[in-house]
Amino acid sequence: MRPIILACAAALVLMSSSAGAQSWQPPADNQRCPSKWGKDDQRGAANLMNPETVLRAARLIRTGELIELGHVLSGEMPLSAGRRFEVETKRTTMNPQSNRRGSNEELVIAEIGQVGTQFDGFAHQTIGNSLYNCFKVDEVSTRNGFSKLGIQNVGALMTRGVMVDIAALKGVEMLADTYEITVQDLQQALAKQNVTLQPGDAVIIHTGFGKLWEKDNARYSKGNPGIGVAAGEWLARQSPMLVGADTPPVEVNPNPDAQISLPIHQMMLAVNGIHLLENLKLDELAAKRVYEFAFIIEPLKIQGATGSTVAPVAIR
Amino acid sequence: MRPIILACAAALVLMSSSAGAQSWQPPADNQRCPSKWGKDDQRGAANLMNPETVLRAARLIRTGELIELGHVLSGEMPLSAGRRFEVETKRTTMNPQSNRRGSNEELVIAEIGQVGTQFDGFAHQTIGNSLYNCFKVDEVSTRNGFSKLGIQNVGALMTRGVMVDIAALKGVEMLADTYEITVQDLQQALAKQNVTLQPGDAVIIHTGFGKLWEKDNARYSKGNPGIGVAAGEWLARQSPMLVGADTPPVEVNPNPDAQISLPIHQMMLAVNGIHLLENLKLDELAAKRVYEFAFIIEPLKIQGATGSTVAPVAIR
Amino acid sequence: MRPIILACAAALVLMSSSAGAQSWQPPADNQRCPSKWGKDDQRGAANLMNPETVLRAARLIRTGELIELGHVLSGEMPLSAGRRFEVETKRTTMNPQSNRRGSNEELVIAEIGQVGTQFDGFAHQTIGNSLYNCFKVDEVSTRNGFSKLGIQNVGALMTRGVMVDIAALKGVEMLADTYEITVQDLQQALAKQNVTLQPGDAVIIHTGFGKLWEKDNARYSKGNPGIGVAAGEWLARQSPMLVGADTPPVEVNPNPDAQISLPIHQMMLAVNGIHLLENLKLDELAAKRVYEFAFIIEPLKIQGATGSTVAPVAIR
Amino acid sequence: MRPIILACAAALVLMSSSAGAQSWQPPADNQRCPSKWGKDDQRGAANLMNPETVLRAARLIRTGELIELGHVLSGEMPLSAGRRFEVETKRTTMNPQSNRRGSNEELVIAEIGQVGTQFDGFAHQTIGNSLYNCFKVDEVSTRNGFSKLGIQNVGALMTRGVMVDIAALKGVEMLADTYEITVQDLQQALAKQNVTLQPGDAVIIHTGFGKLWEKDNARYSKGNPGIGVAAGEWLARQSPMLVGADTPPVEVNPNPDAQISLPIHQMMLAVNGIHLLENLKLDELAAKRVYEFAFIIEPLKIQGATGSTVAPVAIR
C-alpha cells in the first residue's frame, strides 16, 4: 500500500502548480446565470449603491481632507499593448468679434475606457462568448458600443472605502513582482488595521507597486503582485462594490497557474458582477495610513463602453 | 439747451443695443493680471477648495440621495461644430489559455475635454493671445497640450452646490431661446428659494433649455438663454468656484451685443479664473426642487487639456 | 393540360421579381474554392497584371494626355454610414535653429481604405464567414488588419482601360437612380464605341451619376444605377482585372431583388477575385469620349487593409 | 604681411564647419517671391508636368517590367516623432438579407501625408511664417487643412525617372550614416551610369540606407546620409520635378552645420517649389541597375494636406 500512497501523494503535489496557489476554471453558464441580481440585471454589485451606502460613507468625512487616487493621464503613462493615449492640441481659432476671443480645444484619441486609472465595466471581459449575466457578445456588440452592460449603466458610486495595506503588513515598500496575495494576508492586514469589511465596500489593496508608474513602465506593465484565486474568492464572498489596486490588473500577473489568464477578471466582472479599479495612485493614502474613508467615483457615461478612465477620491 | 439734452438722451438710448443688455470689453492685461491668487497661479477659484469647503458640502448630505447631473455620452448628443464623439468597439481578442477569457475595449476619438457635460479649464479661452493670469498662448501651447493651465491642475471639487431656478421663477418649463438672465432674476430666484450664495459655491443655473438635449439638437446648439454681462459680473463678485447651466455655453448666446462673442467665457475663465460647467442635466434636480446640496465633480486629469467631460453629482 | 401550363407560366412570372432582373445566391464554398488562381492565392484578377498588360496599356499612350479619375478627398464628400474623413491640421512647430524652419503636418482619421474614390480589396466582403478563396474571417482577422488578402498584396496595376458609356448609349446625362444596366446595354455600348473587351482590362462604366458628387450627397448615397446580376455575370466572364463606376457601389443599389444585398460585391470580390473601383470621377473621360486608354492605379500598401482610397488616371 | 595672410587663411578654415560642407540661410522673401511660376502659383515644379513629359516617360517603357518603389505601410515602420500609423479593424457587420453578405473595413489614424513612402507638398515647410511663393501660414492655415498649397493641387505625375546610385559609386552597400553627398558625387555617378539629367525629371538618389527599414528603425530615423546644401543647389538648378531618396528626409541629417535644420527642405519646397519624395524602397531598382525609367506617382488628393503617402513605381 505504501508505494501507492506515496504515488498518490506525489501526484497531488505535482497537480498543484505552486505552493499556496489555486487553479480555477470559470463556472458553466447555468451555474453563474442568471445573476443573483436578476436575469436582466446589468449593474451587478453597483446595485449595492443606495442612500444608506452614501450616508455610511458621508459619516466617515470628519476633517474634510480629500486625497486623490487617480493618476494624471499623459502620453508618458504605462499603457497595455495595443492602446494609446494621444492629445492633439488644435490651432487656436480667433473669433472675429471685437472682444478678441480665442478658443482652444484638443482631439483625444485613446481607449479612454481602459487607460490610466481605470474602472472596468461588465462588457470588458468574457467567458467564451458570454459576458456577465450571460449576455452573449454576438448579440450585444455593435461597431459603436455594447447594447447591454455599457459603462453608462453604472453611475456615480459613493461608498465606504477600505484600504488593505499588504505592503505594510509585509513591512516592505513594494511587494515582489510575482507575489500572490493570500486570504491570510488580507485577514491579517485588516486585523492589523482594526478594520472589518462590510458589503458594498470599495476594497482598495495597496501593494506599493504603483511606485513604478512612470518610473519604470516596462516593469510596471510586465507583471505584478496581487490577489490570486483564493483571495479573490474570499473577497467576492464579502460582497464588495468593487476591488481595486495600484497595479494594472489588480490580480497577480501572470497567474501562478500558467494555464489560466487573469482569472480574477472573469471571477469579478463576468461571474460576480463586481467592478475592478486598476492603476490606482495609493502612495498618499498609504503614507497617511487612511484605512477607512468615503470613496467617491464618477465613471464617464460613455454609452456602450467597456469601462472608463476615472479620477476617484478618498475623503476623511 | 433742451434740444441738446434731448439729443444726448436719444444718443444714450441708441447706444444701448437692447433694453437691459450691457456690452463689455475684456480688461487690459495689466488690469486683470496678476491674478488675485498670485502671479504663477494656475488654479483660480479652485483655490477656494479646501477641507472647510468639503465639510460644508458634507453637512448637506442628509438622506443620501444622489442625483446625476451629467448626460450620457453618445454619438447622438449635440456637439459644437468641428467636434465629434466616436466610439469604435474593437474585435474581441480571445486569450489562448484554458479559461477562455475574451477581452473587449473600444477606441474613442473625441474632443473629450469639450463634449457632453463638460467642465471648462483655463487653457480653453483667450483674450487676444493671452490666457488666465496672462499666460501667453504661444509660450504655453504645444502640439500635445498646454504646459500651463492644463485641466490636470484642478483636481476633484467638493463644495456646496446651489441651483438657481430661473425657469421656475418665470413660471415656464423653458426660458425663451434668446432670453438674457438678469441680476434681478438671480436675486429674485435666490430669495424665492430662500437661499444665499456663499463664496466657493458651485452655482448651477436652471433654464429648462436642457429639455432639448437629443430632442432637438439643432435648436439646442443654435442659441440659448443664459446670463449676460451684468449677471455675469454680479455672479463673479459672489466668488463662486464655478458657474454651470443646462445649456452649451452657460451664457446667453448669441450675446445681445452682436459685436461681442461669448463674453462670459472670457470674464469667467480668463479674467476671474472661475470655471464654467456646460450641458448639465438638471431636470431631476429642478423637478425635486433641490436648491442646496453637496456638489462633487471629478474632472479627468488629462495633462495639458483645455477641459474635461464630467459626470458630476448632487447629493442631499 | 392547359390549366397546368397556365399555372406553370404564372408561377414562372411570379418567380422573377421584376422584368429583366435576376436574383442570385452566392455559390457554396466548394463550388467557388479553391480559386482558379490556386488554393493559397490572395491576388485574384490582379494575377492578370504582367509586362504584357503594361505594354498593351503603354501602346495606348499617344498624345500624353492625362485625365484624373479620382475625386478630391475632403470632409464635404459623400461618405457611407459609419465612416468619416477628418483632417486635423496640427500647430506649426518652429525648429530652434537659425534657418527658421517651421514644420506642418496633419492627423487624418478616416476609413482610408473605403472613402472617396476607392479600390476594394478581397478582405472587404464575405459570404457568411468566408472571404475570397475561402479564407475564413475568424482565422485571418486581427484587431489591426487581415493576415491574408490585405490590400498590400495588390501592388500598382497598369492595364488597358475601357470606358463603357451607358449614359451616352441611353442619350442621357445621368441614368435613372434605380436603373439596372443589362448585358445588352454593355454590349450595345461597346459596339457603338467600337471597342471590344479583353481579359485583364479595367472596365469603367459611366452612368453619369457622379454628377451628384458634392452636389447632392444624400441622393448620391441613397441609391444608384448600375450593373445587376446578369450584367455582373457577363462581365465576370470577360475576365477583367477590375470593374469600376462613378457610383458608390458600382452595382445597382438597391438590388431589384429586395432579398439580396449588393450581390455584385460578393460576386466580384469573394467569388471571382475581381476588384471593384468605386466613386470614380468620369465627367472628363466621358466628355472627351475616351473609350480606350492606359489605366494606372496605385493602391496604398496598407498592411492588412480591406481597400485603399486611390487617385487613378487614364492616359492616352 | 605673411602673419596677416596666415591669420586670414586660418580664419577662413575655421569658418567652414567641415571640409566640403556649406552653410546656408534661406533667402529673403522678396528674393524668392514671387515664384518664377507666377505670383499665385501653387504647383511649383509640377508645372513641368505636361503631355511631353508623359510621352518622354512612356517611351522608356520597353519590356513592361514594373518595379515598386514604395514600402508597405504598417505599425512596424519607422515613424518620425509625434506621428503614428494605426489600423483598427472594425467588427464585421453582417447584412440581414439572404445572401449573407458580411462587410469589413478599418479605421486608420495616421499623419497619412507624412508616413511611409511619402511625397512632401508645399504646405509642409516654412521659412519663418511663410511658405512656398510667400503664402503666409497664418493666412492659409485652418483647423482642417491649408487653403493654399494643399496636396490636392499636385495631381498624378508621370515623368522620366533617373536613379543616381551613390552607394554603387562608392562601392558600398550603404553610405555612412553621416555622409554628405556632394555635387561631384552626383556628377560622377551620372557619368558612370551614362545618364544626363533633364528638366522635369524625378531624380531618385540611392544611398542604400533603406536597407535599415524595419531592420533597425532607430538607426534609420536617427540620422542618415544624403545631399547637402551644395548638391541641393546644383540639383535645383537642373530643374527636376522632384528629388527623392531611400531615407527619411532625402538630405543629410543632421546637416554638418549644426546651426541649421534640414535646409534642403526649405530650399526645395519653400524656395524652389520642388517636391521631396522620402522613404523610397530602392533595393530592387538598384540591384537591377535601372538608371532610367518611366516614373509614375499618384499622390492622394487630400484637400489642404501637407503631403501624401504614396506607392510610386518605376516602369521600363
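Letters are used for the chains, namely A, B, C and D, taken in the order the chains are written, and counting of residues starts over at 1 for each.
Definition applied: contacts are C-beta pairs under 8 Å (C-beta built on N, C-alpha and C of every residue); 3 or more make two chains touch, one makes a residue touch a chain.
Note that the structure is predicted; figures quoted are calculated from it, not measured.
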**OP:** Starting at subunit B, figure out the least number of steps needed to reach subunit C through touching chains.
**Re:** 1
Original post:
Out of A-B, C-D or A-D, which pair touches the same way B-C does, with over half the contact pairs the same?
Top reply: A-D
Original post:
So how far apart, in whole Å, are subunit A and subunit B when each is placed at the average of its C-alpha atoms?
Top reply: 32
Original post:
Just how far, in Å, is the C-alpha centre of subunit D from the one of subunit B?
Top reply: 48
**OP:** Can you tell me which residues of subunit D touch two or more of the remaining chains?
**Re:** 86, 88-91, 107, 109, 141-144
Original post:
Which word fits how the chains touch one another: line, ring, star, complete or other?
Top reply: complete
Original post:
Which bits of subunit B are touching subunit A when the two form their complex?
Top reply: 24-26, 49-55, 58, 61, 63-66, 68, 70-75, 83, 86-89, 92, 95-114, 116, 123-129, 137, 141-146, 152, 155-156, 158, 258-263, 265-266, 296-307, 309-313, 315
Original post:
Which part of subunit B faces subunit C closely enough to touch in the complex?
Top reply: 84, 86, 90-91, 93, 109, 141-143
Original post:
For the complex, which residues does subunit D have touching subunit B?
Top reply: 82, 88-91, 107, 109, 143-144
